[in-house]
Amino acid sequence: MSAREEILSTIRRSLGVTGQEKPRLDTVTERLANAPRGLTVARGQLPHEGQVALFKEQAEATLASVVDVASYQDVPAAVADYLRQNNLPAQLRIGSDPRMADLDWGKTAIELSHGPSDGNDLAGLNHAFAGVAETGTLVMTASAENPTTINFLPDHALVVVSAKDITGDYETMWSNLRARYGKGQMPRVVNWVTGPSRSGDIEQVILLGAHGPRRVHIMVVKD
Amino acid sequence: MSAHPTTKRFIANATEALADPQLQRAMTNVRSGFIDKRAAVAAKLPEFEALRDSARDIKNHALAHLDLYLEQYEANVTAAGGHVHWARTAEEARKIILGICHDAGAKTVTKGKSMISEEIALNAALDAAGIVPVETDLGEYIIQLRDEAPSHIIAPAVHLNASQVESDFRRVHTHLDAGRDLSEPVQLLTEARQVLRSKFLAADVGITGANFLVAETGSSIIVTNEGNGDLTQTLPKTHIVIASLEKIVPTLEDVSQILRVLARSATGQEMSVYTTFSTGPRRAADLDGPENYHVVILDNGRSSMLGTAFQDMLRCIRCGACMNHCPVYHAVGGHAYGWVYPGPMGAVLTPTLLGVDKAGHLPNASTFCGRCESVCPVRIPLPKMMRHWREAEFERHLSPATMRSGIKFWAFFAKRPALYRFATSLMMNVMGWLGRDKGRFSSVPLASGWTDYRDFPAPQGGTFQSRYQAHRKSTPNNGRAA
Amino acid sequence: MRLAQDKAASRAPRVGLFVTCLVDLMRPSIGFAALKLLEQAGCKVEVPSQTCCGQPGYNSGDRATARDLAEQVIRSFSHCDYVVAPSGSCAGMIKAHYPELFADDPNLAPKAQALAGKTHELISFLVDVMKVKSVDASFDGAVTYHDSCSGLRELKIKNQPRQLLGSVKGLTMVEMNESEVCCGFGGTFAVKYGEISNSIVEKKTGNISESGAPTLLAGDLGCLLNMAGKLAREGKSIEVRHVAEVLAGMTDEPPIGAPRVSAQS
């Protein structure tokens, strides 16, 4: 008997089932198909402007910085502002998200490097799939356009999120993700990012910048 | 370290721990930090208690259908291009992992924090095979330098003070300037970040645990604050997930419910910094991510816990709230428990994994104060499970003979009320008389565990029942107060 | 007149006082304080034959002994309207654990359930069931209160003792830090794991001292013996009593662990 067979049969024996029982099989099939929502948390159940405001408030509480950007065309200037304010060189690691494909970076004199981060970038920019107002959480999905390493290797993680992609709770975000990728399908990785990297491992003192980015700067695009 | 449990010498371990001023100082951080933070964040969420019920119900449902959800999970991992391996025992798990590392030609392996990897003593096996494991979670890294085991399931170095970390970094990071300033914790963090960054980039294989495995999508989830788990699983060519089989949760919505109570119960955060859902290796269009994705599902006794009095323990989501609130854990710290899992959850789980004959002290060293159960996000009745272990020991005659005979002696009298009243009245009169001058005894035979540290108050003399009977006889109106 | 008296008597709840073995053996005055409080609240109190609720055996894994003793309690107290104990731990044993002890016994399960349903800890019984709002007692000075674990977590006793203490003339209540943290007694734990128990009770006596109150109260004699014993060994002069003694205005007895004879004699 293989390890797999033995483990499954021990589970069945312990539960007192054969594994063939139709009611059980139906229960599992239904739950996986319907994915019931569970308890809704009231906090994020607001009109959309309220959700955007809540998202910003919650994100700032986790020590991310958040700015409003009127349209995608204003992103390069917002990035330049951030780099300047933080005494960073005018260099940026960036993916190739189609929503930012035709931005005019020329005026900013920022030197762009495209593709995954190699660990030598001070600042990187990705476009989030969504934001969840409930806890100020960014939802990043891995793709060629938004390589995961840009979320983790640079010291400063800049993220663009479209205001219309901000949801009140995680469950709504999952519905949107399923609509985009298909039921049961996921990108290689979905990262929920809630603030900059931190550790409390030394005497329970919370310190920022453990291994991931020391700073998370969120640009909420209204457009 | 974890390969050699010292659970049998719990009392000696505890004595050492109580006499260790560094440890005692460090444990005050647990008492104030974790407890206050959890209370504050729970108070901020009106739905918190209802979410605990929801989390409990989801886990119960998953366990009741575990075989079916495991099959679905496996199918979805495979469909996404990943590989699922099944390990009955710790030894099988080690073999599988070593095999994958061997195939990958691995020289160094980075590791995200994984209690399961401690349970199977993976690092020692990797070392023996000539593969260098590098712990990347800051706390795990620190204790790896000290060749120690973790003392808490989410805060592995909670037993240490900053000065100890500084001296370890100076001892090991000899390539750095000896005159550098490491007096501030943030300087220690910065140094660890620099040292480990190159290790992340050089690793051939990354091994993580999984907080949850989602059946609906075949995803593994890690929950961290540092980002080390993500660098571990993203940069190397091969990512191995090692997880015990009760980590299965049916859907993305289900796991979201549980995630709402996890960080709040563990560190008092509303959400951990990084919650990462991984599904298979990199896709054709991806520019980064591992090329190989393996999941090793470990049983190691869990399948036999189903259908028993210990099934509820399988709901555990490894938050650490129980030990954060346990007065015994505060007193002796995690190492005293002698193996991988400390505190109340360790007291229940360790006898299952090591045998109650070896780990019997753990469920016995509890006052049943119930604080653990009151904070467990999935409402595991921990004292009840510890009592089950005491029953098992009693049935197998593993409890100390003095305790058995003490209870039997007590029961002999207690089952005979008339004799009880006679004997106790006599004895309490004697003891009351003996203790009348001081009002207490500084030593009592057979009770040195008490009187080594405390006095024992003397009885008033007589017993309530004898005095009440006397009072009734001498008072009209059937003893009712006038 | 006689008719009204009979009517009043027939309306008075019939309470079986479960004194607990510790109170019975170590400090009968708590039993008399309980008796007084219950009668003042309008109960008709009796003291059925009793020894022990079975908790020591239960927590040591000896279910058979626990069941034997529990059965005795069920037989002795079934006829009462209520069973009241001056102890959260023993009341909790009957209320929360007797049903589980007899879950697979078709004969005793309903009886255990029935008894559990009418068993209460003393102070919560007075406040929650008898609707006592205040007591007619006085006590000069500040007291601090330890929330015993079983009472707090199994029976949700928290406000009730504070409410009644608030009505005692002259008494001020000072909350200690960590009043809800275990005192380290845990029955046989205090002897089997004495060193750890000591570490826990040391933190508790530290909190008690810091409160500044000269008197410590609690609702469970096990906890009180433990804390009084530690305070005495530490040479602290804090007086320790059961809350029932203060509420019943019966504080002539020396506090727990204090000499019975006066220092002068």
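Should a chain be cited, it is by its letter among A, B and C, assigned in written order, with residues numbered from 1 in that chain.
Quick note on the criterion: contacts are C-beta pairs under 8 Å (C-beta built on N, C-alpha and C of every residue); 3 or more make two chains touch, one makes a residue touch a chain.
None of these values were measured; they are calculated from a predicted model.
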item	value
Closest chain to the centre of mass proxy, which here is the mean CA position	B
Most distant chain from chain A by Cα centroid	C
Chain A and chain C: spacing of chain centres that average the CA atoms, whole Å	54
Cα-centroid distance, chain B relative to chain C, in whole angstrom	33
Whole-Å separation of chain centres (CA-atom averages), chain A against chain B	30
Chain B-touching residues of chain A, taken from the complex the two chains share	2-4, 6-8, 10-12, 14-17, 19, 24-25, 27-28, 31-32, 35-39, 41-43, 58, 62, 115-116, 119, 135, 137, 142-144, 147-149, 151-153, 170-171, 174, 184-205, 207, 209-213
Chain B-facing residues of chain C, complex	19, 21, 23-32, 35-36, 39, 47, 49-52, 54, 56-63, 65, 68-69, 72, 149-150, 153-154, 180-182, 184-201, 203, 225-226, 228-230, 232-233, 253-254, 256-261
Contacting residues of chain B [partner chain C, same complex]	11, 14-15, 18, 327-328, 330-332, 364-371, 373-374, 387, 389-395, 399-400, 403-404, 406-408, 410-411, 413-415, 417, 420, 424, 428, 432, 435-440, 442, 447-450, 452-465, 467-468, 480-481
Chain A partner contacts - residues on chain B that touch it in the complex	26, 29-30, 33-34, 45-47, 50-51, 54, 58, 61, 64-72, 76, 80, 86-88, 92, 136-139, 142, 155-158, 160-162, 165, 185-186, 188-190, 192-193, 196-197, 200-201, 215-217, 219, 225-228, 230-231, 234-235, 245, 250-254, 256-257, 259-260, 267, 269-283, 285-289, 297, 299, 303-308
